[in-house]
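One structure is given below, represented as structure tokens, and several questions about it will come after.
Chain IDs A, B and C follow the sequence of writing; residue 1 opens each chain.
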Amino acid sequence: MKHVLAASQFDKKELLAIMAKAVEMEKIIKNGSSDLAKGKIMAALFYEPSTRTRLSFETAMLRLGGSIISETDVTFSSITKGEVLSDTAQIVGGYSDIIAIRSKNVGDAQTMADYAGVPVLNGGDGSAEHPTQALLDLYTISKHFNLEAGMNAVMVGDLKYGRTVHSLTQILRNFKNVNISFVAPAEMQVPDKYLETGDRKFNCLNDEILETADVIYDTRIQKERFEDASDYEKCKDSFIFTPENVGKMKDNAILMHPLPRVTEITQEVDKLPQAKYFEQAQNGVPIRMALIARALNLK
Amino acid sequence: MKHVLAASQFDKKELLAIMAKAVEMEKIIKNGSSDLAKGKIMAALFYEPSTRTRLSFETAMLRLGGSIISETDVTFSSITKGEVLSDTAQIVGGYSDIIAIRSKNVGDAQTMADYAGVPVLNGGDGSAEHPTQALLDLYTISKHFNLEAGMNAVMVGDLKYGRTVHSLTQILRNFKNVNISFVAPAEMQVPDKYLETGDRKFNCLNDEILETADVIYDTRIQKERFEDASDYEKCKDSFIFTPENVGKMKDNAILMHPLPRVTEITQEVDKLPQAKYFEQAQNGVPIRMALIARALNLK
Amino acid sequence: MKHVLAASQFDKKELLAIMAKAVEMEKIIKNGSSDLAKGKIMAALFYEPSTRTRLSFETAMLRLGGSIISETDVTFSSITKGEVLSDTAQIVGGYSDIIAIRSKNVGDAQTMADYAGVPVLNGGDGSAEHPTQALLDLYTISKHFNLEAGMNAVMVGDLKYGRTVHSLTQILRNFKNVNISFVAPAEMQVPDKYLETGDRKFNCLNDEILETADVIYDTRIQKERFEDASDYEKCKDSFIFTPENVGKMKDNAILMHPLPRVTEITQEVDKLPQAKYFEQAQNGVPIRMALIARALNLK
């Protein structure tokens, strides 16, 4: 069963195959429609609201010619009536051909996979995993840089709790020529377990980082966590991307963000050639199409 | 107009025709897809949350090749803005080809049928009716036993308020060789109006019942209703299905439950051959496909 | 980009083309289905609940053979997480081929159109515009009267705040032979900016108005606004449509209402030949099909 449960489940060969499949999927998107998944039903169980992720999964299934049943009502789901998730898995697995699940609870996607009898795609389970996000991030990078040749990747923002950064970092480890730097206030630095020899750590963004980066992956810093943090105060302005500092990046470098962004990237940046976060969001569709096609053995 | 409003509306001939149609529908499910309902739209109006029933109706329509418009937001529906249901019926009937409705209010499905101008399927109206559940229950039984030849059916649990038990009992009366026993604490026994000569009543589950049953239909007992009920206390453990007591059932007997189950059937039972409640849930799809096909005169 | 943002954006030629297109669309509805929009996805973003408008848009897209992704959860949308609408526009525009949006905020549809990169249909933005309603109103009139030949149109009810009345009035100005009367208590009369030479104003409905009207467009008066209004008290009963006063209308005259109606038109009126408000609601589907077909350049 070709579940997608964790970013770490894929080796390099599989990652490259998924990227190649996503490129194929972009052709389907451009041509309009496909009947690849005709007659197939995806159940979208979103026990935690996430409009962007849900609409991206649903769009992917529809572009493949399949259809959708969905549960987005957190308050009234069977789960809240006391039903165990393994029962829901068996029931919904009996209706549908594939399940996309998002949940607040670590491990829910695994439980679903254990019981549903159909492939399960993890759309985020609490603080644990969000593998389809990591794959669309990798895909975005792969459209601008050769993964095997490598590049300088810089993770910026809340690197302690940032699930997307952890997953992307793990996935990038498959590509030996990718150098990774981590830029975060000390209190928000990446946990040691994600570090490898050769990585670099910084507490503030500076010109040298900006000028040498190929990929900057920015994430939101929740300011309230830093009220009294002198370390953050020292360079908090460096964490706001503006036309001024983005202008210091190489012309072909890219600035990514999992979105939603609030104030950490000003809207003026959107027009610069480095701004790729909306393209990145859009890449969620071909990547999820590729994962659905892989799970359902389409074609 | 081929509405489905009440379990009692069908005679034996119609019931057998629906069962036969459901068998056909299972072939469509296995083959993947169908265009039988292509271009047809089902409106799913769920004024009371019921994920399982809604997803089952939607899956049925999608498997037939049709599509869905749905309203699940109880708080903001036109109804809560003061619109009478007969107006909603006329409006939604003007958009769609068939309507599935679930509501807290007895009679809402009938009102919908009176005004919509399109076939209406009752997905449960308060304490009154839930005919598609009764039909999928009958279908599940029919897949394991010959309805005409008959069998020993045992209703267990809250038989006083259990809508599904009442409807299934009524429907089984069409088959003269079906013997029915009712097992419930005295305070929760089946109302007299559902009883017929030859029925048996018990207050506790016992080995003889377990060993002679062909079909056990279990339902949840809400314990809080029995705090001081000495009658319930006497044998409350007998109402918990475990591998031990289910193991006393015949090998080809079946244990059913409308779900969700909480503690009345332990998860260890799921692996026993008698456990059919997940198969039962799955049977909701072909039955509802059969009812949609009947209502829309498909093929 | 063929957005639909405001009733005033269309000239007479365009209005007549849309009406003609809607007539074509009714043929598709009658024939069952269409593949015109096969492979196309509409995003329905309803940040303000409006079941009728949403289901009508969705039905229109489905009847054209397209599919739907939707967001109806006002509480948990990205917007409420602090995302600006222009970001949502770019993200959802990257998933879908066309967007229908409804919002409480004046100007949201325009913002969406500015950033989405795909056509946007305004499904109502606060007190400002609801152009698809005005077009389906015009379409309803056009099915009963020749717009060029003209007719007597009478607007009734809350004409001060009634968005639908303002939009329909503006659109009718394209047809020089349409005479417009406004009937409302003084406190609720139509704002001067919508008035033109030749219009007539009344504070109560009277027999002469009823007998000479070709089209009466009724809207709800919120009584609580008139507690102490002697002007309203004088003739409040004249604002309740009953078989008695509707019977005074010409046989081929039509009574319209944007719905939901509460007490301002009694249910007994529904059976009279003049009652066209349910037909009017139904006309929302072919009109929205016409607008989608126009926006996506179908066929």
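In this text, contacts are C-beta pairs under 8 Å (C-beta built on N, C-alpha and C of every residue); 3 or more make two chains touch, one makes a residue touch a chain.
The model shown is predicted, which means the values in this text are computed figures rather than measured ones.
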| item | value |
| --- | --- |
| Rotation in the CA alignment of chain A with chain B, degrees, nearest 5 | 120 |
| Homomeric contact chain B-chain C: same or different residue positions, threshold half | different |
| Rounded Å distance between chain B and chain C, as computed from the means of their C-alpha atoms | 41 |
| Per-residue overlap in chain C, given as positions that touch at least 2 other chains | 67 |
| In the complex, chain B residues that touch chain A | 32-34, 49, 51-52, 55-56, 58-59, 62-63, 65, 67, 72, 259-262, 267, 278-279, 281-282, 285 |
| Interface residues, chain B side, partner chain C - complex | 38-41, 43, 67, 69, 71, 73, 76-78, 81-84, 86-87, 90-92, 94-96 |
